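This report concerns only the one structure given below.
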């Protein structure tokens, strides 16, 4: 089987879908979705074939993957960029997430966007995004990755601002792009630094050269690592560049699910994992990664507690989960990070699509204070979202539990106790705000606008089916990927560890050596057991706390929403409450710094341009003319004055001749 | 030796006359006075030329000839000048040159 | 009554001219020196009169005096031909021409008004400086001259004129012709359309 | 005087005869302009041929008072061209104002004789008389529109100051005679080289130099002896202005070539410094004041002052030891004559309708009313600015090249001069282009019917245009000529 | 193509066209002008087809003695660099002539003639191999543009056009002095023989072997620099540009930004580097600093422009900063990036000016604050605008990116801080472009636009036709920059060989301090004057002010 062709097809199909739809979509009207959706499904199928081949190490992939060279993109002398794709197990794992969720979101959108005038445009953009994201995953040259990096940014811009008539959407999209650009600058410089250091832009080759020559590089490797990290931080919305993601919720919900939960925001994590060797050879930067990650995690979680917009809660939860992943990357638990990336991709995608279904049901209402009691009205959405919530809260045996616990466990075992401690605390918050969300949305009595109340209805199958399809992995994925023994073991090949670990082993082995991380044996009745218990405990704790305040209606558990208690609680910690509600004032701070002050500076520069730079130019002109008119005064029109002038000239002339002759 | 035999004397006198003419030209307002001043200057020059002719060996005779030429030239100038004066007097109705200042700057 | 004034004026003038002459004579200068001295004084004084006197007609007359004195000096310088030409051309032609022009252009108002330009003082200073400059230059220069004046006889003159200077001599005639033609055109009254535009 | 003498001065004599002939023609057929034009133009052509014929060989006549060499030929031809063009441009302006053409032509031809005499004179007395013969007609021409206050005012200013400067010049000349004891240029320079070889220049000589420089500087309208120029140019009838701005100027430069370059050649080191100073003052003041003018004739007067400055740059470069300077000067003279005459021809064409001023407003919307005139005017102005590919550009480049060379020979002042020259050129662009602005970018205040211009005028304009472009695009031939003339 | 003087043909074909236009009655002016431009375009394409990238030195050289007295020749020749720019010129030329069909209604004949003569000058500049000839073409460019701005320009056109001409003249005239000085230095070095004193190739050889004297190099380079820096324009010689752009008619702006600004950069690469290598190295750090200032400063100032054209104009200053930066780091990538940036800037900025023109045709207004919601009213226009906005913001995959990135690589090699500062513009650029796009295209339609009613139509087919080729090229050069890179490889190699590859440049921190000092001073002064009521400037908004 010609894998090269297949690999090339994976991204090109969506691209073709985009081009065709962009060209003729307008005329297709309501049928516009067929081509894009078809393209994505096809590319999913192919991707799966490739993935299986890759993870089973079939030829030509083998241990370390297989590359496809296309054309020499930039043949600038020594600086030559080979456009090409590369699939190894890491890429394969990402392929699973991207194509699967992408496909489901496409299907879901058929229903969700059904009544939107920009129907065709939406699908075109989605396809373009799929292409860019797949390019990002598959690119084998830093510059190709950078291209994809910017393209996904573009798509994000286009999709956030999809409803361009809404100024808020336009502003949000612009904010997203520019904030991302901040990170991209770092990334670009990092790429250049890599080129200066190694003279190549091929990812594997350059990393190899960097690591072996780490001691003697023109540009120290930690700088390279930092610059690359900047890109990752921007794309994955980590502190301090986290401000764009919540606003990005202005986009249609499928977009939030696909781009801002499941795929694009993971690019940062993917990038760091790709460059794990670079980071491994710059331990201090690793520490920074960990700090950034865990800080973002707690920051976002704290904000999520008080948000009332259902999508913003999810957005902040995404931030905080990404924070987990970065923390994992920081401590060197790369496999765990990728693991969480996968599971989170699925259940967060599920949650977002669910919230979309809710919003759809209550007619574009996003404020949870005007929801409640929807459990009966939209049961399928309710159940799927409940699954998602449990998954993210880390209740075994759902997916979230495994991945999150692995991160925390690894952190603890690798000696990053502080990361673990904070992580545990964040876990409480996570469970809390998730069930706050569930409670406010589905349980208790309805607070929905009476006018809308009667019209509430469950979403069509085209939307609910994807929900269920996402719910399944949210439940089982954790087990599947970590289960060592039968029945899964044989399928995935025998060995003590879970499938994912084994897949990623070739990718991360070298890095782990560099870090000196030994693969510790799993001890259920030892340290791991304790950690397990701890995570479960905090998850349950958070859940219960939420139930006490916001009510619960699962089988035996019954409780009702107690606003007064909530008010009492917030009254107890007024500062924390306001801080959380105002997102710790980051937006205001940035607005002051960059918009107000920056605007002033720009205005000053312009003033300088008009009055100083141009002023000098015009000044010279004016001066010349004034001198001219001054000299013109000599021309009095009276002969005698002229004659006197001549006489004086004569005297001076004769005098100067005397002087000259005298010498 | 006496004054009559010193070239310098004649030249200084010529210079003085020339200066007088210059003064007149600069100071008088009447067109014709200015004309006369110029004549004075030309005569000053003539004086010096003739003096040279008398004292510089190689200019023996030449001086006189040159002087004659200069006289002729002066005559020509005077003719033209007076003609112009008359012409402008017809237009401006005044012989005072410093009132012909319609063109300036 | 006026006649008296003229007489007094003449007396003063004569005195001015006579004194230096007498002085020279007393100091034992040659006859030439004496004559020259008085002529020079006469010339300069009348020259000054030309540029300073109020009534322009008198200026004209003073100019004639000045030119005659100059002619005298020419004679002393041994250039009788030039002297003759001087008398003929200047006193004969140019001065008369100028006097006519004066007659033609004297509007009654003119003499009444200020004679001197406002810049008379700077003019005076300038001309004084000029005199000084010239004198210095003259005195500072060693002229490779004989200490006696050479007389130029008529035939010598003619020889030079028609040998070396034949071309200028002829050209001068052209010059005069041109001057006459132009002068006539400009001076003759015609009714040409007034056109204030430039 | 011998027959060979007559042959040698043939062109000059012919010019005199022509002047007389035109006079006679006018006596026979008073006021008829056809014959006058025919006679004078044909005559000029004949003279040109004569000049070429005699100019082929260098010869001297009147025992060294008159000499014909390549320089003479070049200058004479230039003068003849200038006069011919002036005569061609004149009728359209004179006739509507009831001014006779015959006297105009005659006087102009006398001026021509004077200029030719200058260019050929090997004797300082001849030089002086030639100068007078050139400028006296100039005075008359300036006042030619005798009924017009401005014309006569310009004339009397020109005349008074002119004769004042002549007197000064002559005084200086007298001193030179006295010191060298001769009037023959060659002998003068020999005597001076002896003097210069010896101790420092004697005060008398210095005085003479001073007076002569002043006189000459006045004739070429160099600052600070330029005062007469704006008034005389503005006042004179436009065709006359055109002539005055080139004829006497080139003549005066011819005088400089004969007097300073040849006779006073040995004293170069002394007068070059004066020339440099004059050049700077002249360029700068001319341009700066021109910036503020609203009357195009007056503006062009100031611009002509500036151009004098550029030519002086060439002279300075020559004095600093670069023959290219002299070539540049001659080239500049030729180029300048044609473009400037062209520009003034356009103005006088516009003033065909009596009462039309030469203020900028006259040019408003000319691009609409008379596109061809406007385009030609633009060409001449661009050439005056020095925009390639026009004669003006190449001329400027030439003198600047000479200056640069001289500066690299060590006369560093010349380098500064070159830079100043180009900066001046840039400033000059402002006022030249302002006319273009009026012609193409402003609407006319009053919509007047377009004038019909004589075929003669057009032919003259075309000639000027062709020359202006040719000298810019194919400078080769003229370069050889000036190269020949310069040595 | 043997024997056929194709370079002269491509150079003077427009002149022929101009004459034809002049002779034909005015109603044919449009079609004749377009025909001439298209013909020239075709010829230039034929030339490109016949050109072999592998050829070293110049191809199709035409040599004809012109002014033997000074060894001045009529010499044309083409190499990769000039070929690229010539084709860019011919392409933009017919596009802008096509784009002026509707807008230009008065004196269409003169308009076409000016444009065609302008084309002669521009092509000539790129092809001339004789410094004197080069100068002549250089000046020939001036006058038509002067007329184009002055006659068909906006309200304040006369001020703008005079400023443009005078500013340019000051520089170019000094360049003339430098050219003559160089020629003479050569002649003096060859025993007074003028032969080849203006021949670029000979001079190059001389510079490479004997080399010109230091003082001459320093002075001549300075003179050339002034001329080119004004044309590009580099900070602080840029202030004529906004005025000229704002007043010029659309097509004028297109050519101005698309080609005229390139003349300066071309001059740097062709003449300054090859003839005065030592001086180039001496001046390089200063020039790099100026370029960096231009890059950042231009972007910052663009941020607050209330007028669409001014915004694009200042963005040109910023973009051209990359060109000079790339040139003067003397690195292969830098130079390649600079050249790519020249071409791409020509395409993208040209397109942006066309787009501004399109909207101006309908609204007769360019004030950003009056726009809004065009995406809803004129979707095609909005999307095309968006496309070029992102192209200009250097989105990878479009042509703008490659040039900038290569320039950055070169700069990084010289000194990482250069790249760091320059890369900062990725943010600012996105800032002013997206902010502009957001204010113009998104949100609810503004009252002003709604007031236009049916007059606010979407793009006409002709307008699409003018922009489609540019968009296509932007994509092609974005995906296959190799086309250009292969073309210019030879030129880049020679220029670098002449000037010598640059070493890492250390910048004296004092300079940096001074620079920052100036900026701070400006800000302070501004803030002071702000209190005394300076003109209110719209400050950008990333997000709605936080609640």
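Order as written gives the chain letters A, B, C, D and E; numbering starts at 1 within each chain.
Methods note: contacts are C-beta pairs under 8 Å (C-beta built on N, C-alpha and C of every residue); 3 or more make two chains touch, one makes a residue touch a chain.
What you see is a predicted model, and the numbers here were worked out from it, not measured in a lab.
Engineer: Any chains in contact with both subunit B and subunit C?
Structural biologist: A chain counts here if it touches both subunit B and subunit C, which gives A, D.
Engineer: Which neighbours does subunit B have in common with subunit D?
Structural biologist: A chain counts here if it touches both subunit B and subunit D, which gives A, C.
Engineer: Taking each chain's centre as the average of its Cα atoms, which is closest to the average over all protein Cα atoms shown?
Structural biologist: Closest chain centre to the overall C-alpha centroid: E.
Engineer: For subunit A, which other chain has the most distant CA centre?
Structural biologist: The chain lying farthest from subunit A is C.
Engineer: Between A-B and D-E, which chain pair is linked by the larger number of C-beta contacts?
Structural biologist: Greater number of contacting C-beta pairs: D-E.
Engineer: What is the distance, in whole Å, between the centres of subunit A and subunit D, each centre taken as the mean of its C-alpha atoms?
Structural biologist: Roughly 80 Å, centre to centre.
Engineer: With centres defined as the mean C-alpha position, give me the subunit B-subunit E separation in Å.
Structural biologist: 66
Engineer: Indicate the whole-number Å distance between the mean C-alpha point of subunit A and the mean C-alpha point of subunit E.
Structural biologist: For subunit A versus subunit E, the centre distance works out to 37 Å.
Engineer: Which integer distance in Å separates the CA centroid of subunit C from that of subunit E?
Structural biologist: Centre separation, subunit C to subunit E: 73 Å.
Engineer: Which positions in subunit B touch two or more other chains at once?
Structural biologist: In subunit B, 18, 21-22, 25-27, 29, 31, 34-35, 56-57, 62, 66, 69, 73, 76-77, 80, 83-85, 87, 90, 97-98, 100, 102-105 touch at least two other chains.
Engineer: Which subunit D residues reach two or more other chains?
Structural biologist: 125, 129, 132, 136, 139-140, 143, 146-150, 156-157, 160, 164, 168, 175, 178, 181, 202-203, 205-207, 230-231, 234-235, 292, 427
Engineer: What are the residue numbers in subunit C that touch two or more other chains?
Structural biologist: 117, 119, 122-123, 126-127, 130, 133-134, 137-138, 143-144, 164-165, 168, 172, 175, 178-179, 182-183, 185-186, 198
Engineer: Each pair of chains that touch: what are they?
Structural biologist: A-B, A-C, A-D, A-E, B-C, B-D, C-D, D-E
Engineer: Going by the contact rule set out above, which residues of subunit A touch subunit D in the complex?
Structural biologist: Residues of subunit A touching subunit D: 624-625, 627-629, 631-632, 634-635, 637, 639, 641-643, 645-646, 648-650, 653-658, 660-663.
Engineer: Note which residues of subunit E are touching subunit D in the complex, please.
Structural biologist: 66-70, 110, 135-136, 139-140, 142-143, 146-147, 150-151, 157-158, 162, 165-166, 169-170, 173-174, 176-177, 180-181, 183-185, 188, 216
Engineer: Enumerate the contact residues on subunit A facing subunit C in the complex.
Structural biologist: Its residues touching subunit C are 640-641, 644, 647-648, 650-651, 654-655, 658.
Engineer: Along subunit A, where are the residues that touch subunit B in the complex?
Structural biologist: 632-633, 635-640, 643-644, 647
Engineer: If you look only at subunit B, which of its residues touch subunit A in the complex?
Structural biologist: Within the complex, subunit B touches subunit A at residues 22, 25-27, 29, 34, 97-98, 100-105.
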